[in-house]
């Protein structure tokens, strides 16, 4: 029920955005449309967990992504000019414990946008991401970068349990047990 | 402001195009396209949203930008995965390939 | 400024078009096609900025959506063939 | 209709024709799609170009002719439906033969390559007999 | 009046939709289809009576006046075609329901059949060139589905030919519409009738020829007919029968309608039409002679007889057109009847190959009669429908001193007889020379004294009786055809009713 | 008269239907109709003999001059008498000849009655076309009678030959009639009017030749004769009736009718007389070599028909009267002879003169009949045949017309042949030859045409004599021969009336046995003597005649024609009907291109070169279009081709943008994407590459075809575009869109309102295509085991189902409902902004495609409880009802109303009734896409094994049926 309500709010928002003006007519019709959709296509109700958004971590994540994207494009510009000289591609395995479906998706998307990396496989249970890297000098460095991204994403969107899990994994890895 | 954003976006798209032309293997070209043109297009859409008068048009462009941000990386992810796995495309992995090891292991297990 | 944008996009279009035609792999063609769609959408937006005519913007929104659909479908079903 | 549009339509028709004359249904379908594109180029080219025909977005003179657009739209959608059906046919062909080759009509081939009609309805043997034309040898032992 | 012109299109559409929704019950689907087509038949008859008494009836869809909205219009010619088509649709539906086998049980059969009915009716009733395109597409798409229903290998093969060729015609149709709109700015036929005359002669005749080709592919005239004999025979019998009766005739209708209504007398491709008519008759019947399969022989004859209809048009006289109209009516009835009896033959003998059939005059005497009557009609023997129609054609040709095509018509008549007698002798007289294929559905003679299920035989009997009736009542029918032909050549009433 | 014809029809059809069960009574029923005719004729006799005409008319197709005009005059009466009189006798004879209850006898008798009616109609018809009709009916009944014993290959062959030859002649004759009829001033087909004022001119000359061809075929004249000997396979009553007494005289009848009016036409006499004489002589010679009694008679008939053709054809007042006598005489003796031969055949078991033995005791009456009739045939004095032949010789006496001598000489010669074969016949029946000739040779030779069953086998002692009732009909005929031979004046009136009805110049005749010592008498004596000599020297004659064996015969001619026809048909068909789609497509497209370009070039109307390009954008998209299209054609891999085609489609959208088509571009983009998706779904099954590159010649042909089509499109497009003759009708649409139809987006208003009917048909197309796709893709799947509809297929083996990918799963879930909402927005906004039902539906379909990408077909199926078929049907129903509703209310279909209202809180609302229509469109498009995924989207493991469609039946009627065909278990 809560999921439905959350989804309905999202749908009404999109509806109103689509019409481009906030009016009673648009909101009410949006509610009708959303309700009808949820009734006719019940499948969407079990679509996803209700999104938890923590504003502060989310903002931090956004900043980081903006920076990454900028770097990414600059790096690309350099490579385009130098014609990818010194390219040393590789595929790195990155275990991502503590990620739900949703967060791993966000992580994967961000990895795709950040410099030199592209996820080529995401496996669940346990969650592992394989990342294609344009300049692979040190796999560990890549892993660490992605883990830090994962941490930020989980802090911004994850459940408390996920945050705890991430913290636990981090502690273990610091303890040298490795993921 | 809008026009500047649009110009920057166009520039990034051009950058992506150059990368797509010049890079030597499919996965690398995938990198180029995803990085530059996602952002490029979003910039153009933002620029448009800032410039056009009609409210409806503005929201349309914003929606399009959101959609693009959401879908482009996912699409790239899917495409890279397929490319890596496709028999017909040589994926030049110069250094280590931990996925290949993993897949081989899984294959051995199955066989 | 818009004209400069047009020029860049035209050049980009040529680049993506080349990749679409030249391939050699299916991924390359998909990359080229996606790039061309991005160019197309950008041109439409630039044109809307220039003329104020918003009639073609829905088409741009739809392209961003359906471009993903075709990429996704191709990606899911090209295993076993790469060209 | 500008020269460019006419030439584009002609080009699409030419390429489409070339493809339609092939043996793989998937190529033929592509050919038909190109032919349809060509026809739609002609269709939209048959009316005035201009701003999108939305009343109020400009004076009537500056609007593109909406009718050919509507007609082209209808024809596009119809082509889509029929293409889906053709693809179903190719799919069916794959189910049955593992290919989408357009095969020649067997009966036509049979007729083209047989020496003589299957059935002697004219009945040459019977006819000689019943016409009552005994040979000379029969008369004298 | 509005209802009479519109309901023959709309009722089958509503019926088709209901039929899709009631996919779980064949019984309900059949009730829907039968009642819809019966109603359409009733309305078609009423429409013909109305139109014959008071002249053309037209309706503007949406209430928008002529060039803006689509015109639906019935004159004598279209009303005649509609009546005949309705009779065929109803008879063949009953036949299809009576036929054992998987196809008729397919969930989509009834709805697609109704779509076909709607398409045919719309093609006859529309007064708008683009709407004609859409109507024909509706009919054709339904036919694509029907011809491949069952999905057997040979159906797939022939379906490819059929669909691809039809699509080429459709593409050319759209191109032609574009040319028409580019030069005249309209697609309303009555509107075009006034404007085409202003075009330069070269363009005018190019459009006339292109239209002829576009509709000629559907009508299966030489050299555009090849697809027909390869594709029709593979479909289930009732489907082949309704195709044979109606589909090519829609093409013929469109040719006659456009060539008479749109183009002024001096840009009519008379010689071209007569040459094509002669070639169509001849090549078609030679093809029929070469075949060794009942359905294929009958299919080639369709081609051949389309030539007669085109010949009547090509004369461009009232007599010629009246003969063409009468011939078309006759041909629809006789040919559908022949295909229905061909289906019964296949049902009773387990095959449609001549070599596998034999001696059926003894084993299935009822079928012998049911074959012979439409066959004799097709040959043109009195007192059946074909006799008067063929004579009217020959008479009209002679009147116009078109002796060449007249001679061809007579010779082809003889060859038609030969090809039909080939069936008669092989199937009904001589013993089979090849065993029937293993597992062929040999029928139980005791259980089916009529030679087939009652619901299959009854419509065949009706059509056979109809061809006799048309022959006997040829006088009034020919008078009606004359009036229809006069309307076609002098369409002032048609134009007036559209222009208001 | 019409009543009589109908009586024949009813009796005939009745006998065909149930005659087999009526036994001997069937014969009597059959005799009824001709007997009634005879009675009727007797009632009319007085008037007709007085020269009056009895006529009757029934309008049939008056506008074509096609009426059932019947007319009984003297000439017709003669034939009516023959047809019905001999008809009655033949039926009585048949009662004894046929075995009761034999297979097909009811049919045979019924057909005989039908024939009798047709023949009656033929001689009574006063309308040329109706005459033709009856003519063809006699051919048809003859065909069915000859082939009645359908198990015999010879019967079938002979029947076909008879039908084709006489049918061909009949059609030629129809052509002739039409030519002649059109040449008459009023275009009349009334026989009496045509003959009263015969038209002239070349068409009439040609027409006459055609009519004569018809007459020659029917009357078995050379070179069309050979069907008649073949027809002898028919049972003897049929031969006696059709093939000697009546039907074969139809041609003679026609020549008799036409001759007086048309002898003036230059072609008439040489043709008729020439053919008649050749026939007389040749057939007479052939008769001398026959061993089968029926064949002797058949060739005799041909020869005698030649005689009649000559006599009628000469067309003088005298010869036509003589010919009438010949007709009567021939009918009497030839029918009787056939009956006798039939008796011999039945009783002795053979008709071969080499096998027949001397008849035993009790055969006396039969032999008497034989002798009388054969004597009449030979022209023996005191028999009617003598009278007729005498008169004929008299009519041909030198000086009676130009070149009379030239005609007379061959006739005399041919008459000698007649005498000789008459003797041969008598000799054969008497069994004299049976002793002299080598019977073993005959036995080993092909068995002669015997009737299927005989009362006694050949050669087992003397044959039993026939019963009196068997012989009686023949005896009646022989009696008449004797009677008229002795007292010819009895039929003065009949012959005079016949002659006078043919030509006004004919005078009343007085028949007599003795005309004094004159040339005819001398000739008769000469003929009898010469004939006897020929018969005596038959061995020598036979040896001479055998030399002619290798000369081409009519039968060979027929065979050659038929074979040639078959070969031509085969060759033509092989060339035209290659069975190859590429060839068909090439021919059709090239034809379209060449004819159209040709028509354009032959006329004029080149408007000069228009603007080169519209805008820079145009150049870009057009280049993109052509390049991608070319690449799609050039690549050799299916997937690449599909992608490049997609690119072409997007370029099309670009073109629509630069042309100003917003909705068009929107639709194109959406449709193109889905097309690509469908392509991929199907192509993933197919081989990677297009194989087999064709040879250069093939590619050259393709190139030429492509070029011709391109040239056509280019030239016609420019000519059409440059010749706009009127303001487009769309300007009015733009004006009325907002005020009258309540929509700003003119394209959408056109689609759902102005031209909503197009759209209605179009979504119907989509619905049909959807059903078709499902039917094709799912045909032949094995039926579900249980009746209950299952939504979820059983789980597939691990690793073979579409793998779930977490990233796409999540993304799709997020996007899906948003896109659906967007699609609904597009649906509603359509009337004023780009959008509408189509685009909305397609975008919704794209959302479905996303679900498919994420979870395969299961995800699509699990989307909603609403089934794809329901969506499709509901959409179609909604749209159709929107179109229909106004009609029910008495307005035009789809007539819409704009509803405007101000509501509190919501403000101003404006809805048009076109909206439900657009919703219907949306639903149909969505339904189509759902069904298409259902069709192609099956997980591969479910369909990897090709299924044989034939082995699977559809779900049985009784079981509850699910709308979608079953899927594999």
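A, B, C, D, E and F are the chain letters, set down in written order, and residue numbers restart from 1 in every chain.
To be clear about the criterion, contacts are C-beta pairs under 8 Å (C-beta built on N, C-alpha and C of every residue); 3 or more make two chains touch, one makes a residue touch a chain.
Note that the coordinates shown come from a computational prediction; the quantities given were computed from them, not determined experimentally.
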{"item": "Set of chains adjacent to chain D and to chain E", "value": "F"}
{"item": "Centroid comparison with chain A (C-alpha atoms), farthest chain", "value": "F"}
{"item": "Pair with more cross-chain C-beta pairs in contact, given B-F and C-F", "value": "C-F"}
{"item": "Distance from the mean Cα position of chain E to that of chain C, given in whole angstrom", "value": "48"}
{"item": "Chain centre separation (chain A, chain C; CA means) in Å", "value": "24"}
{"item": "Mean-CA-position distance for chain D and chain B (Å)", "value": "41"}
{"item": "Chain A and chain F: spacing of chain centres that average the CA atoms, whole Å", "value": "75"}
{"item": "Contacts with two or more other chains, residues of chain C listed in rising order", "value": "13, 26, 30, 55-56, 58, 61, 65, 67-68, 72, 74, 76, 78, 81, 83"}
{"item": "Multi-partner residues of chain F (each touching 2 or more other chains)", "value": "153, 156, 160, 566, 570, 573-574, 577-579, 581, 585, 589, 662, 674, 681, 713, 717, 720-721, 728-730, 733, 755, 758, 762, 765, 768-769, 772, 774, 776, 779-780, 805, 807-808, 811, 814-815, 822, 833-834, 949"}
{"item": "Sites on chain B at which at least two other chains make contact", "value": "16, 18, 27, 30, 54, 56-57, 60, 63, 67, 70-71, 74, 77-78, 81, 83"}
{"item": "Chains that touch, pairwise", "value": "A-B, A-F, B-C, B-F, C-D, C-F, D-E, D-F, E-F"}
{"item": "Residues of chain D defined as touching chain C within the complex", "value": "51-52, 54, 57"}
{"item": "Chain C-touching residues of chain F, taken from the complex the two chains share", "value": "620, 624, 627-628, 631, 637, 639-640, 643-644, 646-647, 650, 653-654, 657, 662, 665-666, 669-670, 673-674, 676-677, 680-681, 684, 688, 802, 808, 815, 819, 822, 826, 833-835, 839, 843, 846, 849-850, 852-853"}
{"item": "Chain F residues within the chain A interface of the complex", "value": "805-807, 809-811, 813-814, 816-818, 820-822, 824-825, 829, 862-866, 905-907, 909"}
{"item": "List of chain C residues in touch with chain F within their complex", "value": "10, 13, 17, 20-21, 23, 26, 29-30, 33, 36-37, 40, 44, 55-56, 58-59, 61-63, 65-70, 72-74, 76-78, 81, 83"}
{"item": "In the complex with chain E, residue positions of chain D that touch it", "value": "1, 9, 13, 16, 20, 25, 28, 32, 35-36, 38-40, 42-43, 45-47, 67-68, 71, 74-75, 78, 81-82, 85-86, 89, 92-93, 96-97, 102-103, 105-108, 111, 117-119, 121"}
